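What follows is a single structure, written as structure tokens, with notes after it.
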């Protein structure tokens, strides 16, 4: 029988209309496609999950990622990462950094390399942007998270960043995932806009399988049919990930909604839902931002968001991490 | 020119590739299909919204719905409706009612008429169920919300219920909407599983246009591609509705996720997001429920949910409404 | 054990990470929710389908529906139904009827009752429209298909129509489905815009379970994220339905795309994919249509579509049914 | 005024509820986010398309891509590319190649580099696979299409392939797109599983903007809510692309449905819908395939598919291209 030729055990469960056949011993590697192509097979149904090291079964305790300055992601505290979508120049970056630090963010998030839908949209400052990030990290004591958009770029990003971001469009870019798995820095992995939670965990498995256990997942909205919001922000992903995996997951309501007016309420909701952190787009002057201005808060709005998020964190027995300063 | 024949004004805005033509004076009634069929028209783009009385422009203050016993929906307080998916017998119903009242719910929600995907699934007790609801209302002082599944049934439901539910599968059943609009009781209108927010508001407009201003909207999850949850619970709908409409909107995390383990976190998130109420499935013995047991809390879980929801409400300056008892 | 208390047999299949338990003897009636609520249950997976009489297992031969004048649906021939979205007046209706008959349609499809998203959109002529349909049937010999939008209206529609349409918004309106199941006329059941194929088949099962075996399914587009088309026309539904059910399925590219320019190509594709019929919106003057003008062909375009569809039908060994005339 | 500061012209169209403002002179580069962030702006609505060189406005004639041996893509003929998902060994590849050539395919499609959801799934033979492709091209005269999964790999793929494939998971991998745009070979660009048509065209614009006009688009199914098929095969994409762009578009019913039993009907439908080519997974022994076996045809099924596709192509005035042999 074909199943046994593949080296597995077959256990039939006959029913009146159909016979179910349990397959044991496959450890996630059986190719469902080979089975569904066999004559007489109506459907292949998975019982075991295809990922391994990222699963709760592999490690029942939540992963806690240690960053410089004593910042941790994944424990009782909630880490806030904030900053402009794109680095535009050093003044803008420093102004944003000071504003988000003063409001209580622990990490500065700003893009030097920007993956854009259109080749004619602003693509970021590149290496010059990374240098600005390094100087602003020095000046403000904020930890840095910034995106690498290809395997070649991972090294340069890892030299500067405390956390390397892999963006939604690259969630299944396996070359980038593997390279990030060898970069020696934690990775913030954003959910693809059409990725299931299982695919998100499999993408994380690519990084962990290369020897890097420090993966922070991020819900940032998925595709849906209602044009009211840019994406559909899937807050139940937080609980689903926590049930299946020991990895931390943070929430990005800026991309998740695409609407500045919805960001504060969705940030509060994410904290209430158990998110391990927030990623918020903040720009000193959103109306002048070179990208994503419509979903970006100004510093005053961000301070108000932080004021609202703190008591919600406390209501569920957690707290918003305070910025520590990397030089201390 | 065709636009003027339709009685509207046409204002051209010539561009390099295309000419945009603004149409003024249409008051939401222009048939886009007639325009898109005209020769030389590449696309019809709406600027004005097609709904009227449910819009913020029609009434800038939030609607506050007055129910017996001083319960209000839509102001600063958050109303909790809870109970079993289906009424199974009077003991089960009373036991559930007492449990949810003691935990702090103001309204009992239980189904006498059940719209089910399969004709072989339990379809509810019908009129006998309504009689049980009337007696349990009398005994417990809880307000009643229960579903009408067709225009004929609205009268019988309105005799017993304080709020008439129109379910997701019937959100665009215009005969039912119109009849509910003349029923003299507030209506809880659940979002269809593939309905845009605009379509939800248009469905509400059907009810309001018949003279019934008391419409409570409800987010209960929409269709998406990830099988992790039964539906995708769209919490940003709360903020979107509040931006467009003066009507209150509540959240149903039980249907919204379909998973008992996710309900508490999503209930907290809904409160944090600004929901005007919660709809929670609670059964004395969920594992014996005739329908929806997998997404139903037991009384102890529901009490815990209420304990967690209260400080979150307070953190955003609101409070969970206390049960008042309709006889007082 | 709980499964045996429910009257079923439990057959365990132990694996390394999880134990699968086969349940036998349930005949589609086991409540998955009761099982998923049990302690230690991670997931409930269905093997048997929940519908019965509409399944291929129930009847392996395709259902062939006999209509007056020798028209059949579901055999080797492909039936074309065409006409205006709404009946506007008798002249328009007759003009459309003559045009579609002359191009080769066997059935006239036109709406007397129109379910619309907005209460301010044109809602149809109602009973006056049905009278016009009866007269036009008499004059042209075309069979009639028209929509009933509530259980009360089924009788009046059944008096005039050869086939009663249940629209996409009402696919899960169980009162309407049950009433249509007792109407004594075949039913054209349109897929809901967020309905899975399984839900479509369960809705059909409601009709068949009332004793009416004459159900014609219809794919008309489902919700998706790309605004390029009004709906996403799911042509694979045709093959999926044919694999699971003996019922015929036709395709409606007018609603399925919402774009007049795409209708002919998608009609050809539907025929090539094995559809048992086509439903095409045709209006003598689409640019003046009171509804759906943007997706409606004019008579010349429809004649061209018919000319293109015929050789494609022949290429797969089928043919487009010729109009017969009900009086003959 | 802000719009004029950005260098554009502003043309107001006042309405009763809102004022629309037309912006002229932006040539697709206005950042909508900057506008939607401005006070008093309710919505930003695009009139002009953001892509340029791939648009019908840029070039009204369809692009015809010339390949070795006189094969053309994008004219009246329909090119069939077929072969196994993965190259497993040289015997399997050669056997598949001979089978698809004998059935009438012009191009061999087989993967040396495989982007997989799971790091534990078979990842392809890599450079060894490319060498096998080169030898099989020599022996059979078939043109080769194979995938590059990162920018580094483009050169090696371009040395062997007649057409470089960019896969669905990499549709927005801008580093890969730019590199493919400089590779000197035509590019087969598959639509991402959550990509709108507009995003697909923008991804193509990345390639064309680097100086490579030879882009072949490919519809391969998008994400949807119905588990009946692996993806939802969007055949209307063919007509939508042809309306907006001069680039050819082919269809991949193997990935588009994920079901071997649906592939022939959907291939026929794609031809009827106007596709400029087909991409079909064929394996000498699908039940032994290392990947995608469940959606793969065997040689006999593929020959039957080709026999059915030819008369459908003729019915719409096109023809299936015959294999020419690259050595001739």
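By letter and in written order, the chains are A, B, C and D; residue numbering begins at 1 in each of them.
The rule is short, and it goes like this: contacts are C-beta pairs under 8 Å (C-beta built on N, C-alpha and C of every residue); 3 or more make two chains touch, one makes a residue touch a chain.
Just so it is clear, the model here is predicted, and its values are computed rather than measured.
A count of contacting C-beta pairs for B-C and for B-D identifies B-C as the more extensively joined pair.
Ranking every chain by how far its Cα centroid lies from the centroid of chain D, the top place goes to B.
Chain B and chain C, compared by their mean Cα positions, are separated by 28 Å. If each chain is reduced to the centroid of its CA atoms, chain B and chain D end up 42 Å from each other. Each of residues 194, 222-225, 227 in chain A touches at least two other chains. Those residues of chain A that touch chain C in the shared complex are 11, 13-18, 20, 22, 24-25, 27, 43, 45, 47-49, 57, 223-225, 227. Chain C makes touch with chain D in their complex at residues 194, 196-198, 222, 224-229, 232-240, 243, 256-257, 259, 261-262, 265-266, 268-274, 308, 311-312, 314-316. Remark: chain D residues 2, 28-29, 31-38, 44, 50-52, 115-123, 149-153, 169-170, 172-176, 192-194, 199, 202-203, 205-206, 209, 222-223, 260, 286-296 touch chain A in the complex.
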